[in-house]
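Heads up: the structure comes next, in structure tokens.
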Amino acid sequence: MTILIRGGTVVSATGASPVDVLIDGERIVALLEPGSTALGADLAGSAERVIDATGKYVIPGGVDVHTHMELPFGGTAASDTFESGTTAAAWGGTTTIIDFAVQRSGERVQDGLADWHGKASGNCAIDYGFHMIVGGVDDDSLKAMDELSEHEGITSFKLFMAYPGVFYSDDGQILRAMQKAQGNGSMIMMHAENGIAIDVLVAQALARGETDPRFHSLTRPVEMEEEATHRAIMLAKVAECPLYIVHMSAREAVEAVARAQQAGANVFGETCPQYLYLSLEEHLSAPGFEGAKYVCSTPLRSRDDGHQRDLWRFLRTNDLSVVSTDHCPFCFKEQKELGVGDFSKIPNGIGSVEHRMDLLYQGVVTGEITLSRWVEVCATTPARMFGLYPQKGVIAPGSDADIVVYDPNGKTTISVETHHMNMDHSAYEGTVVDGKVATVLSRGSVVVDDDAFTGTKGHGRYLKRGLSQYLR
Amino acid sequence: MTILIRGGTVVSATGASPVDVLIDGERIVALLEPGSTALGADLAGSAERVIDATGKYVIPGGVDVHTHMELPFGGTAASDTFESGTTAAAWGGTTTIIDFAVQRSGERVQDGLADWHGKASGNCAIDYGFHMIVGGVDDDSLKAMDELSEHEGITSFKLFMAYPGVFYSDDGQILRAMQKAQGNGSMIMMHAENGIAIDVLVAQALARGETDPRFHSLTRPVEMEEEATHRAIMLAKVAECPLYIVHMSAREAVEAVARAQQAGANVFGETCPQYLYLSLEEHLSAPGFEGAKYVCSTPLRSRDDGHQRDLWRFLRTNDLSVVSTDHCPFCFKEQKELGVGDFSKIPNGIGSVEHRMDLLYQGVVTGEITLSRWVEVCATTPARMFGLYPQKGVIAPGSDADIVVYDPNGKTTISVETHHMNMDHSAYEGTVVDGKVATVLSRGSVVVDDDAFTGTKGHGRYLKRGLSQYLR
Amino acid sequence: MTILIRGGTVVSATGASPVDVLIDGERIVALLEPGSTALGADLAGSAERVIDATGKYVIPGGVDVHTHMELPFGGTAASDTFESGTTAAAWGGTTTIIDFAVQRSGERVQDGLADWHGKASGNCAIDYGFHMIVGGVDDDSLKAMDELSEHEGITSFKLFMAYPGVFYSDDGQILRAMQKAQGNGSMIMMHAENGIAIDVLVAQALARGETDPRFHSLTRPVEMEEEATHRAIMLAKVAECPLYIVHMSAREAVEAVARAQQAGANVFGETCPQYLYLSLEEHLSAPGFEGAKYVCSTPLRSRDDGHQRDLWRFLRTNDLSVVSTDHCPFCFKEQKELGVGDFSKIPNGIGSVEHRMDLLYQGVVTGEITLSRWVEVCATTPARMFGLYPQKGVIAPGSDADIVVYDPNGKTTISVETHHMNMDHSAYEGTVVDGKVATVLSRGSVVVDDDAFTGTKGHGRYLKRGLSQYLR
Amino acid sequence: MTILIRGGTVVSATGASPVDVLIDGERIVALLEPGSTALGADLAGSAERVIDATGKYVIPGGVDVHTHMELPFGGTAASDTFESGTTAAAWGGTTTIIDFAVQRSGERVQDGLADWHGKASGNCAIDYGFHMIVGGVDDDSLKAMDELSEHEGITSFKLFMAYPGVFYSDDGQILRAMQKAQGNGSMIMMHAENGIAIDVLVAQALARGETDPRFHSLTRPVEMEEEATHRAIMLAKVAECPLYIVHMSAREAVEAVARAQQAGANVFGETCPQYLYLSLEEHLSAPGFEGAKYVCSTPLRSRDDGHQRDLWRFLRTNDLSVVSTDHCPFCFKEQKELGVGDFSKIPNGIGSVEHRMDLLYQGVVTGEITLSRWVEVCATTPARMFGLYPQKGVIAPGSDADIVVYDPNGKTTISVETHHMNMDHSAYEGTVVDGKVATVLSRGSVVVDDDAFTGTKGHGRYLKRGLSQYLR
């Protein structure tokens, strides 16, 4: 089938211009100057379907490189399945996710990967890839890193400096995994918090009776993110491997990334919508147990200390390269409630895979970032960073027809009443934002249009990724 | 006429992919997936001309935002006319220049502009725009800044902290011009060297009998560029205007730009090929009067101090945003020779408008920058920075068909024997570089092909520019 | 006459211990362990006078290296004569001042110096030295710098980047003076504000009808102090001379000093009590014309922006080395009132030569600085910085007996009712501070004791200073 | 007995002046202006002994706060006993050491301390104190920290980020110990190297057959010192405790200390003579197994990378506060030789307790530091830093008569032939330095004079120390 998206303004990472987009089957086959007659035929007439994008932006589908569907955590599991999660993503204009397959300690890497393929295969509404969490660095898992990188399309491996006893790697393990990444060209992703020290602070807080959700943030101070970020950078410098720090929330940690970048290192930072909008004072400290909705790690930071303002600045200056969601949804009932009386038992995570594109577009509306930068941090750079470009992340001939028609004059209300994620609450309940996803195409199929989901479970395919194309 | 560029790899600022480019008249009308049959007709058959770009890169034509054709300087004038200079530019894959119109002290801004239009009009082989040098900031010239910005397509104004008595503005004049730029949205460009202090050092050196060309650099120490750069940044912060520092050669000066950027300021830096390749030790200190060929300001720096290495790094990290040439050619005979026995009388300038694309491509070959970054710093960012995007700087439907087919397997020898600039020497004499400009199109016309110039004097049109699209 | 100061705690720049101090004539001749019988005789019995310092601190007399007695400024003159000013200084525990002799533009340096000797000679209650303001750098004044340094005991020369048309030197003049300082080992002192740009801002403010005193600060933004500080540092780096920035009030400017210091440069910063305690919001913005009392340059800064807090920090970290007063008193009536309706006509200056020791001791009381640091920044370092050590600034055998017995349990009320400066108001009116000057000795003479002035006009002698002893 | 040191120049941390020093018994009882008759009697006549210091410096005895006498390490033990080590110290003008008592893992802190008292008591030629190495942080040892601080005069506790399985503490243990230090006011000392990562590098090097001594440095890269230093600073910031980083050798690590200091933190750095003079290229890479003599941790760094030059700069700027020796001597025969074929088995340590004062005085001779700074970093600051001031570290009435008469015109040859340490080699073999220890007094007793040791084993007393007096 051929589809012509006509009349819109195509936005790329470098600018915007009026361009018509012709799709044939799963791919974009042509970009056309509107009204040009050079190609002879009346293209609109010949296309099997015409989407009128007049007055709208035509952007590459969002690429969310940090999701956790069905992740077992703290005795429960993230509440979105690959089906519900990818459907919600599509609703919100995200057409690619990269989820984290997990090697648990004591398990083979390959078995963890097989497990994740089992969860995702045949269930996704949009295309998906995997990073691999290496939960137990040893000779076997190091060998597996080569295998996954060469044969399985998994070119990024996540390690944890947090969560001792669960995903935690010590500095020797980290160094060895980084050396392996140096060898095969893959990217190391890092959860950078000093979990060993944080565990002491958590135990001390609980012993003092400080059990409310806000203590989750107070026991994970900025210094523990800054420290781990710096440590990861130093280890990566020794190993000479590229490094990507996930879900950064503290200004001082991003400054460490910025210093490394300016020195020429391939060190990159990601933040998430929650760190740009939500805060310790306003959300995590909500009365009663309400704050539990906002428990995630790294934690929400103090608004008064200016972290939000500075994270937006870092997005402008490219000291932060990517915005992902770290989508890790848990219901309030029965899940978040596991931590009543003990914040350390609250499952960590906020679900927003559906709202990233809208929430970041607010930054365009309020002048925090430019239109091009919106597309860059939400689609183009994530795709380049993780070896999916130009298949994903750009509107270009030959690229997958993953396209969002975005209406800057629409309005979107974020609410548990209307969202499609499997969550009984929303971290942004009642927020009305400017802009609205009008139409979403995934590999040439219209999956969302006119406020209806028209996609199908199983449409989404597994993406074998190449090496990062974003290195300097 | 329709032209199809077929079989090549289109390179953009974000990546590369196989794309065919269809041109109709002066503009690009379509980007096409190679081999797609979605558009029905055999496009190759229907196009009036087909250019085979197999095995070659297809890139937006170079945008050189810093040239000085026919500039009167030091009792002589730059040796390239707009005709010879733009022809040489075309030979080298540059399809747009922005030259500096000059208001001399005591002259009206509008008269200076008219003078430049007179020199350029009808003589250029490629499109051209103008920045305006404001050589005498006063109430009249400030008013003229508004007029030029609103009506004349001149949205960038250059000031000098160097050259007292010639182009120099004092800090009060600079501040007032910056405030004006803040008001009308235009960009302030700055030659950032402390000319007042440098004049003292020059006089002292001459008094000591230090007259050789290398003293040109030794009397313009790094600190005097660093100082002026910092001062310009501070004044721009007070005025809240965007600032672009031209021809940066000193690491410490770029570090000042980098700090301002990281703080979120719209401060940008440009460097030039000479600072990436030539040095005080190897070139400016050549025996006899040979060093005069390499006299330009800011001066060539010490290779031993690592400036070249660091400038490449700054290009990678985007602390430097643009590479232009500061093309300001003078012949050795009679021109450079004005400074025999007194380096301060050597006309300042190096001519390289013809070689920028090739010289920077060497950085791709040697791994200093990526292929995309080459296109970004030589074409896309310059166009965005100075309000020419997407007309220039990108291969997209609707954009001017300014395109270079670049052969990575070719070789280019740089020499006075072969170059097309009006110079009796070359700063890169005998250098053989990898890569070669195969075909150049300017607004849909093939102007260079198969080692022949096929363009015409007067083809180039004046470009009325909009405001910068590169601000944060 | 011999005097024994007994029972007190002698405080030095490195610590404190119980020590008795024996004075013979004008000098300290012995420091003694209390109660030691090693010297045989009953020293207390043999001393002609015994001062009981039990429970009190015994510190070197304060050294205030920045005063302006009788300075002509803005059509009037600083209201303290050398007699009244040095008497007030003595009351406040300061036993040495270094005042600024002035070469006005068009005047010979030597004549300016002679003029100052004329004002001071025979009139001072305490010892005094001179820095020389070089108001017109030219061949003659440069030669004079050598002469003063070698023969007149003047080893520090002040230049102004502010006040165009009055004291202002351009960057070429500054560079030449700095080169001279490099040659003869003297210190360059700098008023670091960009006066050229500030004059533009002032004229614009007045044109907008912004005439109130607070606009004095708003037209001298932080960036203009930061800029000039950085520029001075760069020029000093080229000249390789030591540099001392006077009366620093902006955090960002001190940070420039700190960076230079850490790079190993002999660059130093001074602040004054007014910048530690007074602010734009609380004082300069006082209703009506009250703010005029607080007009000084550099100006008071915003308390909300945290400059005060950071200046205290810089004192702790030695990024600021000295606290002086910049004592430049003007009466409100007839003097400050010259600027009613035009803040730019308000004579610049605050008088506090009498209160520096008390005001800084508050920093000890509130924990901002240690007791030793109080002595260091108020006496020891100033003396070392300007070539007076160990004659001044330390309690040691052979040093001048300039000593303050300071009562930490006393109280001092600062008020126009009680102060001894020739001013009709006080910037600290009604402030009650902990601590009190009990007894002051100047070269062995008790000049203040038991709330009475017992010194004499003319006791103070001119100090020929050596080169700085504080360079690295 | 009374002793008069007459005719010398007393040097303090702030300057130098001609002062006579009178000693009665163990303490200094008076400082006297030479030639003053104010005290009546002919002091020289009345003193029982007169030491003529004409033409010499009179300085406080050196305070070496980092020694390891008799330390068990790597299957052997440091070769100096408290007797031989303190005798050698005295020879070299050091009159106080602070040695490290050791709690081994599994041992009670108090038992480790008792063990060290057993080794030292009755054996020392000069006064000595102890820091406590806490080798196993747990509830018991934390409690012991309070006890030692309050009752035993031990106010500083050393932790190791290096040596996993030996002295290593994890970040949680470190944090807990730091919190304890915050509570009782004591100082945390840190061996800052990432031992976990280093162990991986060491194992990999050995597996590659890289067994020579120089690999000791190559497997402990700069980044691993920089990282651990930063981590320690972050943990101390969370705990709000003072921190002292021992034996720093890497520029980048000191820069981390400098940044923390400038932010106002009580973070301090120490370096040692070996890092100022010896290098990877010149010493550790010596042919054969010679390099083993230079194996210490942190390791010697690359001279080419400029660490030595920068460490001297940091001494000038006070970014480094103290120079100690980290005296940890091992003989080449049988001890260093344990590591033939495996650098990781070479006992870590260089012995120089005898030469610190001479080696640092070379920095005065060559202009790296001033005379006052020599005294400050070798005596005054160490004493203040570790709670010994003014008993030690200063020449003042009431202070212990620990005094060195130093002859700037003498020469000292460093050699195994002449030194008094129990070592069969010298890291500085054959070096001839300017300056010479002429006479040394320890608590009023002449222990070295005229090239003879006149002290006695057991003269040295244990020093109960107070809290640091160097905090901001």
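The chains carry the letters A, B, C and D, assigned in the order they are written, with residues numbered from 1 in each.
The rule is simple: contacts are C-beta pairs under 8 Å (C-beta built on N, C-alpha and C of every residue); 3 or more make two chains touch, one makes a residue touch a chain.
Owing to the predicted nature of the structure, the values given are computational and were not obtained by experimental measurement.
Colleague: With chain centres set to the mean of the C-alpha atoms, which chain is at the far end from chain C?
Modeller: It is A whose centre lies farthest from that of chain C.
Colleague: Can you work out the whole-Å distance between the CA centroids of chain B and chain C?
Modeller: The answer is 51 Å.
Colleague: In whole angstrom, what separates the CA-based centres of chain C and chain D?
Modeller: The separation of the two C-alpha centroids amounts to 38 Å.
Colleague: When the C-alpha atoms of chain A and chain C are each averaged to a single point, how far apart are the two points in Å?
Modeller: 58
Colleague: Can you tell me which residues of chain C touch two or more of the remaining chains?
Modeller: Within chain C, no residue contacts more than one other chain.
Colleague: Make each chain a node and each touching pair an edge, then name the shape: line, ring, star, complete, other.
Modeller: ring
Colleague: Can you name the residues of chain C that touch chain B in the complex?
Modeller: The contact residues of chain C facing chain B are 170-172, 174-176, 194, 196-197, 199-201, 221, 223-224, 226-227, 230-231, 234-235, 237-238.
Colleague: Going by the contact rule set out above, which residues of chain C touch chain D in the complex?
Modeller: Residue list for chain C touching chain D: 2, 12-20, 22, 24, 27-34, 36, 38-41, 43, 46, 258, 261-264, 313, 316-319, 370, 380, 384, 389-390, 393-394, 396-399, 469, 471-472.
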